[in-house]
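So the structure is just underneath, and the comments pick up after that.
Chains here go by letter, A, B and C, matching the order in which they are written, and residues are numbered from 1 within each.
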């Protein structure tokens, strides 16, 4: 087992180096000089330009810059935003809890609805329920979520006036972040109405973000269940007269969940991509919106640092899923 | 010497007809898939004949008809069936013309990703060793980034526009095809018929493309269909973020981006482009499901 | 289960809100995040709203709601005979904010003034390079070449010595970059070595002090009790950062915003009819224009520029882009500004005449481009749509134009480098002086520096402007500027498109809000009913 873990982690090293290369060189290739951008429409004198080039290290050969960048990384230095002049690391962690909260709630919604829907659809294969679950799942899976978000705003915020349209909590509530999760912090703050406010802000974006993972999970659960239900031991159990619920719950579901867990793990990348659109539309102050804004502002250092941190996160989650899978399914370890 | 290869290929060719027949049998069993195919073919026809179908010129601005609601709604005008946008362009006409962009983008992306993926996958799987490691690590790197984010950064690098967005998306989709092809090649590489062909002196190229490849087309076709629909979604998302097609191109995502400010005032400018995207993607995904069921009995259950 | 019921009750949100705040709180739904809190470093109006209009003061200030210069941290000032020396007599007893990192030991004095300007002027100043250290406005207003020396006469007197006579100087001193920071605070931070902190935790003398900033979400201020002008009427000021205009309106309707900037033109009518919204409006101190790149051969002939001007249907633009919230422009300065020449005749909208003029100039099958800004500005609420309209107008006279757009920073850079054929842009006044429009945007110096997007250097025009700069007599300056406008119209380096009408939806609870002609948003002097 230990060897397996080592091997998997070892495989990540070249990928990690590749990712830093991509983040570093992509950004160098972007059109538009970052210093000129800093100076804006009124321009900058030649001496000043040279000074700043030096200050940012842009006057050195690219390979040296890359080396400095790498050594910086090992000291936790991910560069400094060119717009706000704050460390990228600080900005990332100031905004990350918002994305984490949104994604977490979304994945919970997706699992809580997706798995039971898939299980029931499989058990009642061919029924109207199965048919409608699979149809909705396919629609959800095909949904342009940015449009879905706009529709949700039109209906729930515009027509019904049930939910607010942007942000994480009403600005009337103010408390120092403790966990960074607005739902929890609002409860800890003991301010009347704070939790309701945080909750109502979270509902629409999390449902929108949950849509695709929910559809994927429901489909995956259904097919995994169908497979397991068709296997001998389940038939045997059923033949032995065990109750249907028990068969489905105890035997089939447990085995069916293995591939589903992997699927859930693999939704992290999907969630990140979804967060880019969802956060932009709902003005949710998280990583996705931050990246989009930084790309359009040509904030080199933020795009570079953000890309790297997001890639590291995805790699880490994939590694964990991989290891878990290896733990559950020993056959894979020796591949 | 190469008679053996010839023979094998002939056999596979003779059976093509039977395979197709069997395929259609399974495919047509899936009603959803047939419906999807029907919708899709309609869309293709619309796109092909778009200029003859549209009631108005898609770029014509009717300055006396700004933000006219759909014909059936109050204040609607039957000359603009789905209403007009903020500068008085007929939405229906723009949507019909827009279908050309979406389908075209989908096809181009899939072709680029498929061709690139097959070549890389074949090479990696067939030769193995260092070549394999390098190719697969590069694919891992691409996969480490969320696809839309990577595409966004690439478009920022290349400059916003439809063509650049297509290139970016095609690159992002590459790894899926590489992985599939490679897995299939590795599974087939040591099969008897391949070994037989190799013994009889077939060249590496011939082995890769003519002997092995036809045997892993099924998963590739399914993946290509899935990528087709994802590409349409992603190009629209990029357009929506201002990084895809640029106005006044009537690309659906770009139309949505332009319509955003009217979200609470003129629902039709927001609704219809989205419906178009959804219907198209849904139709292709239905076909994809049907293809998967029909092409690969192994995949059928999953 | 209890949680769940609690959660379900959340939908009745609006009702909860009004009960939570006892103090007088004003919520301003701002359009974006500030770049930072040191005005001299940045250029965005959003940043100034969050810094120089709240946290800081200037030596002289613009009277709220007008372009008049009134005393600020300086009680009075004298100008020497030769116009080269400005002596400021500083106000006494002005307190700086007390924050968790800093407790001021003394009142505001001459050292603070010298610190604030020398940071920008002197490249060897310890703070010069802190936080990126580009001082765009200081450089852009040519302050570094203008100011020869700054002399501390005594603790309460500062003398600025200039290199040449520059009539708009005093108005420049009221601009955002001239905000005064605390030299004592700077010295304290210098000892810790972490100079960046100075710009992150700002300390000023202004009516509001910063409480907290959550990036991309909210900025909180509280009224500064010891403010020299008297404590602000509101206790708490909140900037709720809301980038989307329709969302801002939505929040306004829900009572979550008291003031919002930049409404969608499309929403104006509904706002006007809303009994809870007081829709204020004023002509903005701005101009939106389309600049022809005069360095490109195709635009060197004035007849071509005139023809293109005549082909543009401005009324259609006012209807479709400004949706009524604009006024057609004929001069490069707005009508509210002194020296506006109303006698100038605009080029008429006449496609036939335009076609003929092009023929005369021997131009056929002209291909060009129109650059459209990716952002919404007061002087141009939707550049893309405007570009599409102009594109269609030009097509009618046989000119094919392609619409080009870049991300904002890239757009500014490339257009200042002159990569465009024609570019849509605009300007909002900095100091209320005509010089700030005409010389900054159309002067020969500005061709080199980039702000002159038309790349147009006309000797006759430039001479008039230079002369006006060196004259202190307003009547004489007015004459010179009026003449310059005639030259401008004759030569047509731009198609002047429109001056916007600024709409400011303000909740009826808000009292005494005034629209800032410079496009800022100022909350000192504003009150709110609770």
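Note that in this section a contact is a pair of C-beta atoms (placed from the backbone, for glycine too) under 8 Å apart; a residue touches a chain by one contact, two chains touch by 3 or more.
Note that the structure is a prediction, hence the values are computed from the model and not measured.
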More C-beta pairs touching across which pair, B-C or A-B? A-B
Identifier of the chain whose CA centre is least distant from the whole-structure CA centre: A
Determine the centre-to-centre distance between chain A and chain C, using the mean Cα coordinates as centres, and give it in whole Å. 38
Using mean CA coordinates as chain centres, what's the gap between chain B and chain C in Å? 46
Round to the nearest whole Å and give the separation of the Cα centres of chain A and chain B. 24
Residues of chain A that touch two or more other chains sit at 31, 158, 296, 298
Shared-interface residues of chain C (touching two or more other chains) are 244, 250, 374, 407
Per-residue multi-chain contacts in chain B, two or more chains: 156, 159, 242, 260, 263-264
Taking the touch rule as given, give the residues of chain C at its contact with chain A in the complex, in rising order. 6-7, 9-11, 13, 16-17, 19-21, 25, 27, 35-36, 43, 123, 129, 131-134, 136-137, 139-140, 196, 199-200, 212, 214-218, 220, 238, 240-244, 247, 250-251, 254, 256, 374, 407-410, 412-413, 416, 449-451
Of all residues in chain C, those that touch chain B in their complex: 244-246, 249-250, 264, 266-267, 270, 316, 319-320, 374, 384-385, 388-389, 391-392, 403, 405-407
Once bound in the complex, which stretches of chain A touch chain C? 31-33, 36-45, 48, 51-52, 55, 82-86, 91, 94-95, 157-158, 161-168, 170-174, 191-193, 195-197, 199-200, 283, 285, 289-290, 293, 296-298
Please name which positions on chain B make contact with chain C in the complex. 59, 61, 63, 66, 86-88, 156, 159-160, 242, 246-248, 258, 260-265
What part of chain A is in contact with chain B in the complex they form? 14-15, 18-19, 22, 26, 29-31, 138-139, 141-144, 146-148, 150-151, 153-154, 158, 223-224, 226-227, 230, 269-270, 272-273, 276-277, 280, 291-292, 295-296, 298, 303, 307, 310-311, 314-315
